[in-house]
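The letters A, B, C and D name the chains in turn, as written, and every chain counts its residues from 1.
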């Protein structure tokens, strides 16, 4: 609720919000820290921090590699919590965790969620946990006050979307196209229809992700969604040109 | 008949006769010529000349190799006939052809036998032609006056031996043991019984072959058979020490 | 099943939203096929005319005498077309694909057997085919790759993660989330999100149906024990289903003990204490994972057993103590393989040999009136490179060296 | 047969005297077995429980549609244990050996299939086993050698002659003339001295018996034509026997055309004009020989067809025009193999692919109501080294080069 209100509030100021993504521990926490600083300073509205998992099925090659390298370097869930605690205490925007269900499951779902809430995380994106499998998770999120972000896909029927909306909080993450993260999306007529369907199905703000990488993409989303999600592009940018390149890139998006 | 009489006649002079063997065209006809000369000069009583065949199933490694090398060098049946004609005209002892049936069959059995008789060959040893398969051959041999040498083996029953004797002429070739040419024979008690069986089964002279390689072997055969057959040993000798070594070797056998 | 797709606490369908519709349709199509007796008849016909079903149950007298205990019977899945039980599942899914009207199939493969089987099915049914295979497995199973390609499939080496089976599964899912409209994912074992475990178990149940009838005919009564190797668990589930309702029949699953359970280099999820509950690759089961839930590297001489997860159905049967689990080490496997070749003239796949190991350990405990069945999931001649290598055969090595030189100077 | 062991003018038993008794006993034992219906029953039982008989008859719709003519059926001898029809003969002779009480078997092998089958049988029946194999074949069929050895057989490379099949046969005979008391020579094809052609044809007749019944069930009437590759001729005789008394069924034997009949590098004894009557290896038939009667070198991409002689029974049927003969070149064989893999997901052995070539040439001449059968004598995955080589597959070569380097530095 808190998160939804933050978004609605922010939208009164901006045509569209920006959410960015990074993989914790990749290339390392120091760079993560710098990247987040650049993002926040340049007007990012929300940040999803991915806790790496060895089997990130929903992610494409770039984020997959980031997950693996992070783990190979020894990144632990505990380190991710510690880092997140530090970050939330330093920056005022909402932070979310993105990760796969096994990370929660193995930690203990309740313990994980309590801990996340305690360190100031506002919501979670768990792409391999449909509501049918997430009863415990959803109940606890509600109880603890964390937003369980639900995902819409172009393949979702309107009926399915309504069903998902029943469990959602914070906002809805609308996956812009089929496939995994990291590929360019073709924003065609179909896409507009899809977004219209999303809007009809829920009152929650809509974030749009997958393949958004430049100002044109962001502009295109104005009026269709509330939040543009920048994922793979910033990871690529950091790889190619370092953390310092993130600020100007973000600044140029809107 | 002619051949049998020659053997009986020779046996009145000698306790045991010697028959030697060579593969035509191996190592070449020039060496064959020299070897035969050495053999005859040193008292060999009969010589079997093997016309090489590509599939000499009854022969062991040494003679097998000789067959193949001879063929590889281009030895033809025609050359063998020519060479044999020359040899029989120069030496007075009986010469036999040893070969496999396909050589006759392909040449035409009748044509082959007529030709052999014409050039002075006195008999034939065809190890893969049992009498059951050799009706034409046996009839023609009789008609043409060639001795079809039959073979006894240690596995032959006395009944079988009698049956073979019915078709035989010249002498009987008693294979001293199982197996192929070129291995040492163990002249045991069994062997003596075998020879006794051979004697009971036929009135023809008995040649003993397979594995006879020295004076002791030859001496052992005295009183048991009429002809000692030296096969592989002389081929080996020629390979190792040249044609000239054959004379002294033969001279020392008896 | 209490909940949809659950076996006790295990199973489920932990899938990304983009596949929700696909799975819904797959469930409907599968349940309709399952309810339609003509579908099963068509399946049986196909397996009889294209593969070699029923596969024989061979009585192994020499091995039985050698161990001096139970009569050993071997269920001969090696005699299937393509050389393993994988054909059963794949041909069944092929018929389902035909029903659903899809034109393309994808699959993961570890040992390559499932890949070869899928490429075969795709050729037979005229489907486009892409096979995902860990790069390490591509290297150790090159002959299988060659055949897949020759049958018209595209084989994509997967370079992420441990570059083995689990990574190939992830990669196949990545393909599927973009291509699901015209593409079916032919899951190779009795794992993954619902309805795959149920579906694969159903198709593989043909093994157990036959085996039960055959052992009754041959031995006059039920076997005392049934042994099967367990990678994902499909061949084991296949044969076990013939005897699940016979409490007198003990069922034993044999996992890859690798270099020994103590070494940590193995793939024993249920035998031993290294496995723990988790959710990955779309389902909940016992995984080999660290305390954070990151999947561990596994090891087995048998590529087909080299997997972090295991069938949720088996995990449930294990928890309920209906199936007992054991592990066989690489070394034990080579010895059992050698003995079986020498005694019976039968060459089990390295995977299958795991089942033989445990059966050999236990045969002597039983008496001559009792029968045991070993499920021989596949034939070992596909494993020549691995087996000749493991036996350290000098002529084989020389042969390869010579061939290599010949090709190097081409 | 007019005379003992003769088929028209062909056959006989041109054996050295030392084997006379052995053959006499073998004839008696064989005739007694043949007359004893329980022997055939035992044989069928064995083939059903140890191999996979009856092997299926697979309808190849994709190939049929591709050629737009006759319905093509494939008799699946590849699904036998050990991967080829050779198993039928070998297991039958194994039962005969048991009856005769002998303790050792020897055999020749070309492609290695018969050697593997014999080693398998020897392991199963607890017999000592020696396999003679041309040195050239040992080199090109190393995987088979490996398996034979692993099943406990001794493989002896034959270095005489052309170092291929015919020389291995000679060498096996050389063994037999010393060892016949306790040793049986398991002749691998329907050649050699009587009673081998009759014996091997009898055991292989199981193929034709099944195929006739199967095609009637599947197609409702007899096939128009039946195709089989011909090395020695055992798989061809096996299937042809099912239809010899059906004059409407045309029988076609396909020999190895190698680099083409005109090249002289082939193994076509009956197709073409290069064969001539001869006597070798104990029997009379059409051989590839020169004017002196020396056997010629033959060539085929398929080791199992690379033989100078051919079954006397087939020569008789050829002379009587009951069986028509054709030849398939190496190149045609590779194309037919590739097409069959792609269209049907079936990998015929290189030998078997010869039959496919001719069937493909003729399928279009017939109409859709007619059926033809191709006898698929064996599976091609045993031929990976030859096939991958023939396709000049770069990844395969690289794989072998790498493996070779790995072993070279061991």
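Following the convention adopted for this analysis, contacts are C-beta pairs under 8 Å (C-beta built on N, C-alpha and C of every residue); 3 or more make two chains touch, one makes a residue touch a chain.
Fair warning: this is a prediction, and the values are worked out from it, not measured in the lab.
*Asks:* Let me check something: if the centre of a chain is the mean of its CA atoms, which chain is farthest from subunit C?
*Replies:* B
*Asks:* So how far apart, in whole Å, are subunit B and subunit C when each is placed at the average of its C-alpha atoms?
*Replies:* Going by mean C-alpha positions, subunit B sits 65 Å from subunit C.
*Asks:* How many angstrom lie between the centres of subunit A and subunit C, each centre taken as the mean Cα position?
*Replies:* Roughly 37 Å, centre to centre.
*Asks:* Quick one: subunit A and subunit B, Cα centre-to-centre, how many Å?
*Replies:* Taking the average C-alpha coordinate of subunit A and of subunit B, the gap between them is 98 Å.
*Asks:* Would you pick out the residues of subunit B that each touch at least 2 other chains?
*Replies:* There are none in subunit B.
*Asks:* If every chain is a node and each touching pair gets an edge, what shape is that graph: line, ring, star, complete or other?
*Replies:* Chain contacts: open path, no cycle.
*Asks:* What are the touching chain pairs in this one?
*Replies:* Applying the touch rule to all chain pairs gives A-C, B-D, C-D.
*Asks:* Sort out for me which residues of subunit B touch subunit D in the complex.
*Replies:* Residue positions touching the partner: 53-58, 60-61, 64-65, 68, 71, 76-77, 100-103, 105-107, 127-130, 132-133, 150-157, 160, 164, 175, 178-180.
*Asks:* Which residues of subunit C touch subunit A once you look at their complex with the stated criterion?
*Replies:* Touching subunit A: residues 4, 12-22, 160-161, 166, 170, 173-174, 177-180, 276-282, 284, 287, 289, 291-295 of subunit C.
*Asks:* Looking at the complex, which residues from subunit C come into contact with subunit D?
*Replies:* 48-52, 55-59, 62, 76, 79-81, 83, 119-124, 126, 139, 142-143, 145-147, 150-152, 218, 338, 341-347, 381-382, 384-385, 388, 391, 393, 395-405, 407-408, 410
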